[in-house]
Amino acid sequence: MNFNRRLFALGLAFFCSFSLVPFAQAQQDNLIDTIKKRGKLQVGFASFVPWAMRDKQGNWVGFEIDVSNKVAQDLGVRLELIPTAWDAIIPSLIAGKFDVIIGGLTITPQRQEQVDFTTPYSTSGQGVAASKQLAANLKWPEGYNSPNVTFTCRRGVAGCKTVEEKWPKATLRQFDDDAIAFQEVINGNAHAVISSEPKPSFFAIRHSDKLFKPTNENIVNTFEGFGLRKGNPAGLAGFNDWINKNQAWLKQRHQYWFRTQDWAGLVPSI
Amino acid sequence: MYIEGRRVGVENALIPARAAPPPASRLAWNRLDLLWVVVGVALLGAGMLKSQGAFSYRWDWSSVWPYFVKTDSLTGQWAPNLLLQGLMTTLRLALWGMLMATLVGLIMGWMRNHARLLFRMVASGYVMTVRNIPPVVFVFIFVYFISNQFMPLLALDQRVNALPVEVQSFLSVLFGPMELINNFFLGLVCLSVFSGAYVTEIVRAGLNSVPRGQAEAARSLGMTNLDIMIRVVWPQALRNVLPSLTGQFIQLIKDSSLVSLVSIQELSFMAQDVQVSTQRVFEVFVLTAVIYFFICFSLSQVFAHLERRHGREH
Amino acid sequence: MTTPLIDVQNLNKWFGQQHVLRDIHLKINAGQKVVICGPSGSGKSTLIRCLNQLEHHQEGLIYFDGRLVDKNQPYLQEIRRDMGMVFQQFNLFGHMTVLQNCVLPQMRVLGLSEKLARERAMQLLERVRIPEQANKYPAQLSGGQQQRVAIARSLCMQPKVMLFDEPTSALDPEMIKEVLDVMTELAQSGMTMLCVTHEMAFARRIAATMVSMDQGCLVEQANPEDFFERPQSSRTQTFLAQIL
């Protein structure tokens, strides 16, 4: 039995090491050329309101969808959208399941170690919505830095790190989803939720009986960039080029999706 | 008959059989049961009333239903939307998954008890690995490490695109939209490899449950090893473990939700998207749970019927 | 001197370190009926299981109808076809009806068509006097009926010799007679038979040769009269005293 286990462990180790080899080979020639030759741009993203969401017809709509469409159009190729679970989006990129992450990927130093970011193509902030029932008497922001205070956030977003840095003593609970994180605060089970704007503002308006915004400023201002596999400077340069050329268009689109509710008819939310 | 030492009555007659007294019925309720029910309902009602305030959730089903079936904006007709498409993918994963897992399980179960050491080691190594890794971790390792080896080699999407359109549309009924064939196949293989380990153990138990004498009798009649396996041993083995096997199939349907973690677009993944897009957390989850329950329950009824017909009765 | 149908020369078998068959020499001619008896553990069952290689022997030679019986021989299946075996535990295929039990081996091993196989099966089921049970499953039959089906199944293959491994030991007493009647009729029809049994009255009636074994050795071999009236070996005497 021992012999069996040793042999098996060896086999597994060998197999795993073998499987890591192709990653090294993933750094090839210019990504833009590869995309053009294939005729298809593969974009990875996850559903996040209003970056990407499904309308009532089941089609993808949102800021990132518009951006991806324009990039593909300008490159002269088709667009293939690859919806991916957010937790797995960077491993999926590294595993080669798509070419680029265009999904509101906030630029952070931790992520910088695994992926290459383009120059920012949009900025947003993180905001906090707090429970009127639990947090009305807490002083902002020092009153929130206590073990009795509970923050919630969606697992894997940059906001979770912000809570750990700015309110280290507070308890942080992470959820698979934004709506649940907000619901906890609405239900009075947590003091505050951190999320990317404009969600906190929208939710505070919609649930004004239960939520309020402790401050109208953004807690942190974040920048988003396209995420690319490391080791492809030519590809990076190509995408940077595109972003720089389309700054005005990007700003206008961002305004539409984030500051207005003109698109509210497409999706039955907020 | 002898009563008090004296001979009485007809010598050879036995006491005739009488009807049995009525048994205590298992379907009867008594007053105590009724009391329990009343108390239970009262507690439940009180609990719901109390939580209504704290819950403060506004239910809104009208925004979720269109994600199941929509009125297509182009044709104006009813068309399946995301949740229904996800359901179809789950059903396809379940169907093909059951077949493939059974195939894997039959082969590995046979290897498990084989005379050759190599076969036994391979099969037991496989079962040990899968059963001792949590499902989530297994799915991640399989999809992000192992599948990278063989998926590019298979290049399914390219092969499929080379086929004529009629063949493609036939295939899409069986396997889902052809654009997602890579995605679907990956989820299918992952699920089959995972479930196959449990089916292997069930098959092994089944093979062990068939008395050795069966194979001996068949051998002494001059039947070939293959015939013995296919016609004598396996039919009996599978009949013996039919309940466990069908239980594993139901489990497979529930396990199929695991592959949503690696972005296979089955029901759970679609439910997540819909839930994010509509912000209606509870409605979507409740609807998804009801759909899964319906599938699993229907299947278990089918299997119960099958067991009644073909089980160990004989 | 006719060539014996079964010729066992210097057969030796070990289970691990246990020497269970020691230097067995046995010749059986066509049409001969041999009954093997002895205390449990003496190797009787092992001996007849070696004949059709359900157990493999390590030393010695077994010849059947002039051919060497060995696990590596490609014609082992043909040899098994020509040897019918009836087991203590009947070993009927539980998932098939009685008729299917008899038909399947004929179709798969002899290559007969289903029609012919059925005809022969029904003939033999009549011979063992249970044709009305043809469409029942083994679990629905009594032990005696099951054993008679097992005999019919083996006879369907038209074997040259029938091997019986304690065929009545697992039966309730009231069913032993029906099986022994079938075996007696079979003996009278001229079949070569090799029987391991404790039924001494039956043995005395049908056997041409009685063989007794003890601890893997063939202790005594004689015709029934000499065997029962004047046993030579003390071991045979002890054994007979215990069971008679």
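The chains carry the letters A, B and C, assigned in the order they are written, with residues numbered from 1 in each.
Just so we're on the same page, contacts are C-beta pairs under 8 Å (C-beta built on N, C-alpha and C of every residue); 3 or more make two chains touch, one makes a residue touch a chain.
Worth saying up front: this structure is predicted, and the values here are computed from it rather than measured.
Contact counts per chain pair peak at A-B. At the far end from chain A, in terms of centres built from Cα atoms, lies C. Distance between chain A and chain C, defined via averaged C-alpha coordinates, is recorded as 78 Å. Chain B and chain C, compared by their mean Cα positions, are separated by 47 Å.
In terms of their C-alpha centroids, the spacing between chain A and chain B amounts to 35 Å. Under the contact definition stated at the top, not a single residue of chain A touches 2 or more other chains. Chain B contributes residues 54-57, 62-63, 66-67, 70, 72-73, 81-82, 85, 121, 124-125, 128-129, 140, 143-146, 148-149, 179, 260-263, 265, 269, 272-281 to its touches with chain A in the complex. Listed in rising order, the residues of chain B touching chain C in the complex are 211, 213-214, 216-224, 227, 231-232, 235-236, 239, 314. Residues 52, 54, 77-78, 80-81, 83-85, 87, 89, 91-95, 104-105, 108-109, 137, 139, 150, 153-154, 157 of chain C are the ones touching chain B in the complex. Across the complex, chain B is touched by residues 4-5, 7-8, 11-12, 15-16, 18-20, 22, 47-49, 53-58, 80, 82-85, 87-88, 91-92, 95-97, 176-180, 183, 186-188, 210, 267-270 of chain A.
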